[in-house]
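In order of appearance the chains are A, B, C and D, and numbering begins at 1 in each one.
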Amino acid sequence: MTYNVAILGASGYTGAELVRLISTHPDLKIVGLSGNSKAGMTMAEVFPHLRHLDLPRLTTIEDMSFDGVDMVFCGLPHATSQEVIAKLPDHVRIVDMSADFRLRDTADYEKWYGKAHAAPDLQKTAVYGLTEFYREQIKTARLVAGTGCNAATGQYALRPLISSSVIDLDHIIIDLKAAVSGAGRSLKENLLHAELSEGAHAYAVGGTHRHLGEFDQEFSAIAGRPVQVQFTPHLLPANRGILATVYVHGDADEVHSTLSQAYANETFIITLPKGEHPSIKHIRASNFCHIGVVADRIPGRTIIIAALDNLTKGSSGQALQNANLMLGLNETSGLMVAPVFP
Amino acid sequence: MTYNVAILGASGYTGAELVRLISTHPDLKIVGLSGNSKAGMTMAEVFPHLRHLDLPRLTTIEDMSFDGVDMVFCGLPHATSQEVIAKLPDHVRIVDMSADFRLRDTADYEKWYGKAHAAPDLQKTAVYGLTEFYREQIKTARLVAGTGCNAATGQYALRPLISSSVIDLDHIIIDLKAAVSGAGRSLKENLLHAELSEGAHAYAVGGTHRHLGEFDQEFSAIAGRPVQVQFTPHLLPANRGILATVYVHGDADEVHSTLSQAYANETFIITLPKGEHPSIKHIRASNFCHIGVVADRIPGRTIIIAALDNLTKGSSGQALQNANLMLGLNETSGLMVAPVFP
Amino acid sequence: MTYNVAILGASGYTGAELVRLISTHPDLKIVGLSGNSKAGMTMAEVFPHLRHLDLPRLTTIEDMSFDGVDMVFCGLPHATSQEVIAKLPDHVRIVDMSADFRLRDTADYEKWYGKAHAAPDLQKTAVYGLTEFYREQIKTARLVAGTGCNAATGQYALRPLISSSVIDLDHIIIDLKAAVSGAGRSLKENLLHAELSEGAHAYAVGGTHRHLGEFDQEFSAIAGRPVQVQFTPHLLPANRGILATVYVHGDADEVHSTLSQAYANETFIITLPKGEHPSIKHIRASNFCHIGVVADRIPGRTIIIAALDNLTKGSSGQALQNANLMLGLNETSGLMVAPVFP
Amino acid sequence: MTYNVAILGASGYTGAELVRLISTHPDLKIVGLSGNSKAGMTMAEVFPHLRHLDLPRLTTIEDMSFDGVDMVFCGLPHATSQEVIAKLPDHVRIVDMSADFRLRDTADYEKWYGKAHAAPDLQKTAVYGLTEFYREQIKTARLVAGTGCNAATGQYALRPLISSSVIDLDHIIIDLKAAVSGAGRSLKENLLHAELSEGAHAYAVGGTHRHLGEFDQEFSAIAGRPVQVQFTPHLLPANRGILATVYVHGDADEVHSTLSQAYANETFIITLPKGEHPSIKHIRASNFCHIGVVADRIPGRTIIIAALDNLTKGSSGQALQNANLMLGLNETSGLMVAPVFP
């Protein structure tokens, strides 16, 4: 059976990545693409790498018909997303890739995003889209909230450790290195090639990055008490990939066995043999996440390193994985393409 | 029906690219992988990006059994390839990705490669692997010779024009820009990141690049008289992709319509609307080749620009496309993955 | 003696490059910096790499005093430049780095830039700033027009050959590869890291690039008859550098000896031994231009390859070299820093 | 007065960087260059970016005369360096850029480098070359040991804090990101462009990197008790630059004021305004080090970020700064070139 899908905000990088993945999916058919600023254009004009595909022309959201549409992927900017989703007809199911439905608490949302949520009722029903940890709820959800790409990376490294109490909750540091496509196709000076290439710097230093809202929400819920981590993201002179180096107090063997067991049956989350650690080069353009564990020379200190592709496992791949679950399809359909190397 | 394939020289980039493509191919199963210098290692050790796959361990060629093997892909270095292939059992069919069987004439081979061919009889039976132009011969061939990646790019831009006599055969210049993976995983100073990044330079300037042997052979055969082109390759600070800017004397409209017609029914060769031209960014990690045609301000002068990925359409993708034909499979199986952007 | 200089448009890349070069110049002192959109900011805020320098704060042009200013460098956008320069007080001498005064003929200007020149009288008095060929006029000029960076590269390869009649004037092709900083610090989608890195493509194909106006003007003047070249620029995934591969009909020995003699006494223009050719990696962040000559396998065809840094020898370094001449200083002051490698 | 200098190991990146810096130094003249594997070649052949300079031809060390040589810079590989330096005539003063004389204790040397020191007496006399902290000893030293580039970066961030007791000595984490030129011009697979570009990964994870020997030695000496830090280096897809993100327990205001005061009179070490933090893009190809301090949201936690260029301030620039001191020259001679941006 073929399901009809529409992608809102298809002129951004997450939209293009979804089209790439869906193009070899056996059960999904793209019937609508919106991109307000580029409405009327073909996808070949906006993304020439997709010109071999037979795709609908970009429209405005207003001009899009949702008749017969089973699933909507929403790649709109934050704040816009909640307004658009609130108006979608009841029969469509939705995977949102914006930040709008990641936080369950309206006060938290306001704290991190600086304004009241426009669809607080919907917000409460949204399921957090970290597939491996919310699989059952996702299957039956109408609205799934895609996670932050950095938030996903840090959680894959830490969730099983927090729920198993194998690490000290008050000494967790996530030093994260992220490639630039996570910032989207936005015209900002610091995203220019001349500014970024041969460069590297931190940003949102000191605990101001919005993905901390997700870490706080999820880690505190798992621990049953408030947990605050330190989180410093850095921008890499690369296009795809996130590498999170996580410093914890805990025994490396215990950490490694806890992660290994937690992900033993997961297709996409791979715990490396103890002592090995990953590179963003080895998961690029794929839905895989590699996690390594190394003991520090200081007893009781352990380093966990996780790598995933922000556009795939960190966003559009995750979205497709969740959509597969929601539609009752094979969870891995369209997602088994191997990483691209070199 | 599943066919068993073996890859010789699997520890190089073309070997890894083949594994990537075959990993989602419905009808092929990898049963053997050789890599003499890395025999005994797993592919996950040699190429960690492939660690999610269940693959045979690397062996030496001597230790490899060809019983039950239907197809051998050969990614060995030049000169080694001809010796190995000459000893393969009769029942296997072979796609060679080295330069050893590209030139049909033994004297030409000796001229460009500096030594006599070790398997001249085999050389005569090999079919030149430029799929779109040798399709029928490839279907029944036992041995197909993969083309040079630069040679493929230039030929896609020029073959239909030479056979249609729409350009002046004495004024053809191919100024080509190639990413570094074409040089393979070899330890050479000029391939180091510190030497190449932020750099760009020509190489083999003046008509010394071996792929000229292919241009000479093919273009002269088509034209029915000797044709010599000028060909200057340049090294780009990028990993994948070839961009060939071709300068011809001929009418742009005629050039464009000739190419459009020639490739009208081809899945992978896409002629862009007249006036548009391609980027290597838009075919990366895919089997597509984009070709653009632009009229110069000087009447009668036309620029043709062709782009393909040297590892995919220029090598391993071409090899798989040819193998599909040889095995009677759908020609595009395993090859429809969209380009990766950004 | 110290001369006071002001830089208009100091918040762009050419402005920053000038500050970098002048920072070690023994005879120049920066007394004014303008940057209308960033007026009020310090240079450390706009360009943190210059934070160790004691520099004036950015102002608007209106707020800048030209009392005591000996030399103005003008890094403003095209069209703006001519309006600002027309109003500068008589006592200042000017090196303009925009395109506004490169073309001597008002009709040519209108043809290539699409509007009438706002200061046609000034236009006539401007000296074309290709130092090595206009040295005497530059010494006494009030206004020197910096050349296009691509135009400079092509001219270094070709001028001596045209004036010596050693090449066929009707078969000249300049295939040029340019790094991205030549496009300035402008917010355009195609200049984003995610769009450019790992990419390469041509632009302004077919004879539409404005630097052709300079080629036409200069080459025709030298030859004493109209000369039109073919010129195809390409964008490289790199920040600095231009590599021009020039195809001519002419004898390689004659070409090489002509260039060698022409530049024998020039500090910055270096003709490589015959058969060698340059890389942009080897002139980066310096005022040097390397030129190589190689004979093609086709008799009578020669390839010339020239490399320079678009921001230095192609723009700000040239500007400083010209200013040195205008002020009676040592021509090479502030310009002898070696290229940065790797 | 002009001093004669020789560079041993001039065919590596640190050798080339020294030549670049010395080329504009008013008081130093390069009279000897060694490079055993490339003896007999000109520097223009080994490093074409230096072809405009009049430099001696490369020789073997054996063939080099040290008559009249005042200063030797030694850029040889570890272990080789100690053997060569032990045999140098008494009249030359030496700045070693290898790791051979960084550790004062012979047991420490053996622990980190895996073999006994071949010149233990010399080892004891060597002065640790972190200029700002060993200035007086350097002035009179015969042999100065250049520091590790990573070790320098971490120490600039931490030394004043350890000596002032403003941070908890048992909770120091240095998460460091280093560009690839720090690994030298060595032919290793992981240094190839195709392997590194678009990649990022940690190395020497868990406390095995040799620069930890320097941290241990220096921090313990300052603190007067053993201090062990956590240190995880990462490889960046860039050529130059080190960014160290340092996590400490301590008050951000106190940290910032301590660093500001410590470096108030230093030319090359710049403490940024509190809350700002550096980029490797802003110190590239210069001798400057930028340090930023940011308070974390968790009270009592502070992040310090330091950036320098591994080849300049981290190696050859430091070497020249030390040589200037040893020869009684202006400490900053040849070192005031501004960073190259973009």
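Just so we're on the same page, a residue touches a chain if its C-beta (ideal position, glycine included) is under 8 Å from a C-beta of that chain, and two chains touch if they have at least 3 such contacts.
The structure displayed is predicted, hence computed values, not measured ones.
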Farthest chain from chain A, going by the mean of C-alpha atoms per chain? C
Tell me which of A-B and B-C has more C-beta pairs in contact. B-C
Can you give the whole-Å distance between the Cα centres of chain B and chain C? 39
I'd like the Å distance between the centres of chain B and chain D, where a centre is the mean of that chain's Cα atoms. 45
From the C-alpha centre of chain A to that of chain B, how far is it in Å? 36
For chain C, give me the residues that contact two or more of the other chains. 13, 181, 194-198, 237-240, 278-279, 281, 284, 342
Which of the residues in chain D come into contact with chain A in the complex? 171, 173, 175, 177, 179, 194-202, 205-208, 212, 228, 230, 232, 234, 236-241, 243, 245, 247, 277-281, 284, 294-298, 301, 303, 305, 307, 342
Sites on chain A touched by chain B in the complex: 13, 16, 19-20, 23-24, 47-53, 181, 197-198, 239-240, 267, 270, 272, 278-279, 281-286, 288, 290, 336-342
In the complex, the residues of chain A that touch chain C are 13, 180-181, 185, 187-189, 191-198, 237-239
